[in-house]
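Mind having a look at this structure? Questions to follow.
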Amino acid sequence: MQATVTSNENIFGSYFHLEVAAKGIGRKAGPGTFYMLKVASGTDPLLRRPISLHRVVSDDAVRFLYKSVGRGTNILGRLVPGDSLDIIGPLGNGFKVGKSVKLAMLVAGGIGVAPLLGLAEHIMKTRTDVTVVAFIGGRSEEDLLAIQEFRELGVRMYLCTEDGSLARCGIVTDTIEEYIKRYAPSGTKGWEMFSCGPKGMLRGVDAIASMHKIKHHASLEANMACGVGACMGCVVSILDRKAGVPVYKKVCDDGPVFDAEDVVW
Amino acid sequence: MQATVTSNENIFGSYFHLEVAAKGIGRKAGPGTFYMLKVASGTDPLLRRPISLHRVVSDDAVRFLYKSVGRGTNILGRLVPGDSLDIIGPLGNGFKVGKSVKLAMLVAGGIGVAPLLGLAEHIMKTRTDVTVVAFIGGRSEEDLLAIQEFRELGVRMYLCTEDGSLARCGIVTDTIEEYIKRYAPSGTKGWEMFSCGPKGMLRGVDAIASMHKIKHHASLEANMACGVGACMGCVVSILDRKAGVPVYKKVCDDGPVFDAEDVVW
Amino acid sequence: MTKRKTTTPPEKQVSLAVELGPLKMKNPVCTASGTFGYGEEYSRYYDLSKLGAITVKGLSLKPLQGNPPPRICETPSGMLNAIGLQNVGVDEFIHKKLPFLHRYDIKVVANIFGNTIEEYEAVAARLDRAAGVHAIEVNISCPNVKKGGMAFGTDLDSTYDVLKAVRGATGLPVLAKLSPNVTDVVPFAVKAAEAGVDGLSLINTLLGMSINVKTRKPRIANITGGLSGPAIRPVAIRIVYQVHRAVGLPILGMGGIINSDDAIEFILAGATAVSVGTANFVNPTAASDIVDGIKKYMIENDIADIRQLVGKVDIPA
Amino acid sequence: MTKRKTTTPPEKQVSLAVELGPLKMKNPVCTASGTFGYGEEYSRYYDLSKLGAITVKGLSLKPLQGNPPPRICETPSGMLNAIGLQNVGVDEFIHKKLPFLHRYDIKVVANIFGNTIEEYEAVAARLDRAAGVHAIEVNISCPNVKKGGMAFGTDLDSTYDVLKAVRGATGLPVLAKLSPNVTDVVPFAVKAAEAGVDGLSLINTLLGMSINVKTRKPRIANITGGLSGPAIRPVAIRIVYQVHRAVGLPILGMGGIINSDDAIEFILAGATAVSVGTANFVNPTAASDIVDGIKKYMIENDIADIRQLVGKVDIPA
């Protein structure tokens, strides 16, 4: 569908907020779903780029948070309001917040925070019975994103940076472990983790989740061609519980969110 | 070289004026030379597009007149002031106005008028001994370009449109023949033609020129890859007078202006 | 009796129907194997009945897991893939995937492959009995699997043997999908004709590779992969042209078709019908848009029947 | 004696020198035949001494007119050309074009071709005696001429015979430019090695075609042409990788190199040096920029000697 860029703001460093409008674009967009963006009209770059829903603005507008890291996202960075952008989506399963959840632990590494803000917002709006806490890590001060928005939502945050330039010096697993040490003794029943970030981080988070028997929903990334389940290009190895063997599942279609316990890291 | 777009105006229909600035870009630009423009930064479209010098604005700025006809020129049409544009040139031999010229007959078909305005300007500035007349033809009223500029220069014009929507109904060869019928009886000594336009038109013009023994300089077009004489991609068949046989000459390097008498049409 | 005058001219009627041998399609647009799943994925974007045919992902006798990721990467105006023919297997296809396609007025081409001639034969035989399969496309040109695939397609005798076996196993129209990764496709096309196939699918992907200079690793885990997309179109057009001149079989042309002009380019080169592959990924409605675009081209250029254009590239004497 | 402390570290020294067999180049960047004229054209854009070598337009015994226009057209991320090897002939090259190159501290590779083995031999012999020619690249892979060119390069025996003849006619380093338009380049590389060449140039253009759907005519007069540019890079990388693994000869890699990352991709795949072709048209300073970019990559990645990277793509066990 042809969306119209309503704003594209370089928030700092290589991070941008992009807001687009198109009839119905936000209607069925659940937290953790994503869109495929065609950044240029020619055949180079050829493929669409997957970008997560950051925030639903309205039925007809959504917001993205993206990092300019290569050719495609660099071109995105040059969009100006009024430009037209070819988008498909929302795609993917998104985060599902089960009935029994009491504490939603959102775990973000760097740009991985993108889908988690929308998740927080969604939970706050639809589930007053759930407490949301966010563990946000990044390389440096400027890689801690969406802090202001989480604050406005009233989400309690645990921040850390690898270089110590802001908040705690360390990685996000440290802050989670500390949190657990502090609060788990009174029980982790109803605790679930929702994470997005670099693979190494997700694996580390999952080790903690398993140890403490906390259900962990991880949003994964993969190179994508179609984004709709047709090409089989984006698979990850996931344990098939019934068969007891790993099978290839599609990140675009079966995911991007998987039960982290089943992911063959 | 990286030039900066200072204006890019859709004058009407699919015609645009593009003005760019870069140190020295206009310095050595003779009338009839051209530039190679890289319209997009990626690899598609890959090759540069040749566009003639329309007018020298200053040592550091030139103006183009172009028609949006396909992928590359469509992309050009989207440039806005401040954009950067990768340009090489001026390239090619350009029009040479010999010492003995008394009457310069400029003959343009459609967008072929682009290099001729600069030629008129050049002659008026450097050769007070030469009279300039322009024969300008186009499909329809809106394809008669640069009329205003020629008028400001004080160039006498003979206009025609194929559909009769403006001026005479007919093709440019008709107006030339009429002109010759009227003025040639008092001699065509010192008359030379300078033409640019579709191949069919150039050939028609050349037939008249030969008949009346008027020297005819025609600016030709060809698909180009390099624009600098390295690829041999842009050749046209030109009679080698010494050898008496046609040889392939490069439009970019040996041309784009050729002695029309030698062109193997 | 006086004839009635029509005051407004009726919308021009153009005929898009084509025949790939015995396979009749209402228009020349098909989707390429491996780029359209089993149809369901793109049915959300338009009514599949719009298309002439769809070709489903390559089917093998048993389900296959395919290659480890990363399986794809982008290249200039193209992409590499080494899916490794992950698929549900022919039986599950017939029982779980095929019924969905029954809803549509569309021809279904089942793309097949195997590690041995017997496997090809067995898959073809099962599809022969399945309701709603209209043709079999035999992939002997997949660059991404060790055995089978390209090993068959780059040897003249194996090409003949596989195709002959499949021909014997089914009464359905059989298309041979030949490898472009050979010095000259024509002798393979001749062999395919001798084996009795009804048409040729040209081309499969070119064998390629890409290395990430930061990590110094191949960009896809399989090291090499198949190059598809607009980048390869000039190679595909050349092969379709060469084969069409040399061999009498109808051709299903593919390789880098993005829009209707590209489709017409293939038809002019000699393709009777075309398959849209990588373009589906870029634009989910690509194949449907191409049907519309071909119709428009025909109306604008006064082509009453698309078959008039097949092979009609204007070669100066 | 106390050692002096350096307070600022000296600029890192990196070595870019490479050897293509006996051909020593101060850096691995060369220009591809047919894309750099005879050097003069691009000397306006930078000092040619910056480059490791230049390869000049293919030379034949007699001057050649080449193919009729149109000779080139653009394709997605690439271009087709059918220049048909227009050139001034070997004698005029030696007398009129070569002296210009004497001004530069650069290796000159003369690309040659012929219609017969004898012609190849004769051209090589003349160049052998010319001052300032440092190597001969034997083109047996041009897709744009009827005789010679690809006809030699797609037949194993002819490949051997031509190369052997050239080898016998000159003491200069000889590079064989093989055709990518074959099922498997490796046997050709083996033949070339047997014929005693010093290195391999890979790849020449892929055979392609394009049709203008408005005029329904081929976009180039020769009907088919050679596909070059980024579009073909994945194919070129794959071939360089395959040949490097199989054959001991040093490789001059080319095909779609646009920037220094692309050049390094070829080196990692197994090229000792690289040629920049179509990129010169897009950006006249491309080859020079690539020298700078390689140096930068080496400094950033702590590569002291570019030869350390040759073939060092990291293939997981």
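Order as written gives the chain letters A, B, C and D; numbering starts at 1 within each chain.
As a working rule, contacts are C-beta pairs under 8 Å (C-beta built on N, C-alpha and C of every residue); 3 or more make two chains touch, one makes a residue touch a chain.
In this text the structure is predicted, and so the values were computed from the model without any measurement.
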item	value
Set of chains whose contacts include both chain D and chain A	B, C
More contacts between chains, A-C or B-C	A-C
Centroid comparison with chain A (C-alpha atoms), farthest chain	B
Chain centre separation (chain B, chain C; CA means) in Å	46
Geometric centre distance via CA averages, chain D-chain B, whole Å	37
Multi-chain contact sites of chain D, meaning residues that touch two or more partners	76-78, 229-231
Chain B, residues touching no fewer than two other chains	43-45
Chain-level touch network, classified as line, ring, star, complete or other	complete
Chain B contact footprint on chain D (complex, rising order)	34-37, 41-42, 44, 57, 65-66, 68-74, 76-79, 81, 83, 86, 229-231, 258, 278, 280-284
Of all residues in chain A, those that touch chain D in their complex	43-44
Chain D to chain C touching residues, read off their complex	75-78, 80, 154, 181-184, 206-211, 213, 215-218, 221, 223-225, 227, 229-235, 237-238, 241, 256, 261, 264-265, 268-269, 297, 312-316
Touch list for chain A against partner chain B, complex	40, 42-45, 71
Interfacial residue positions of chain C with respect to chain B in the complex	76-77, 230
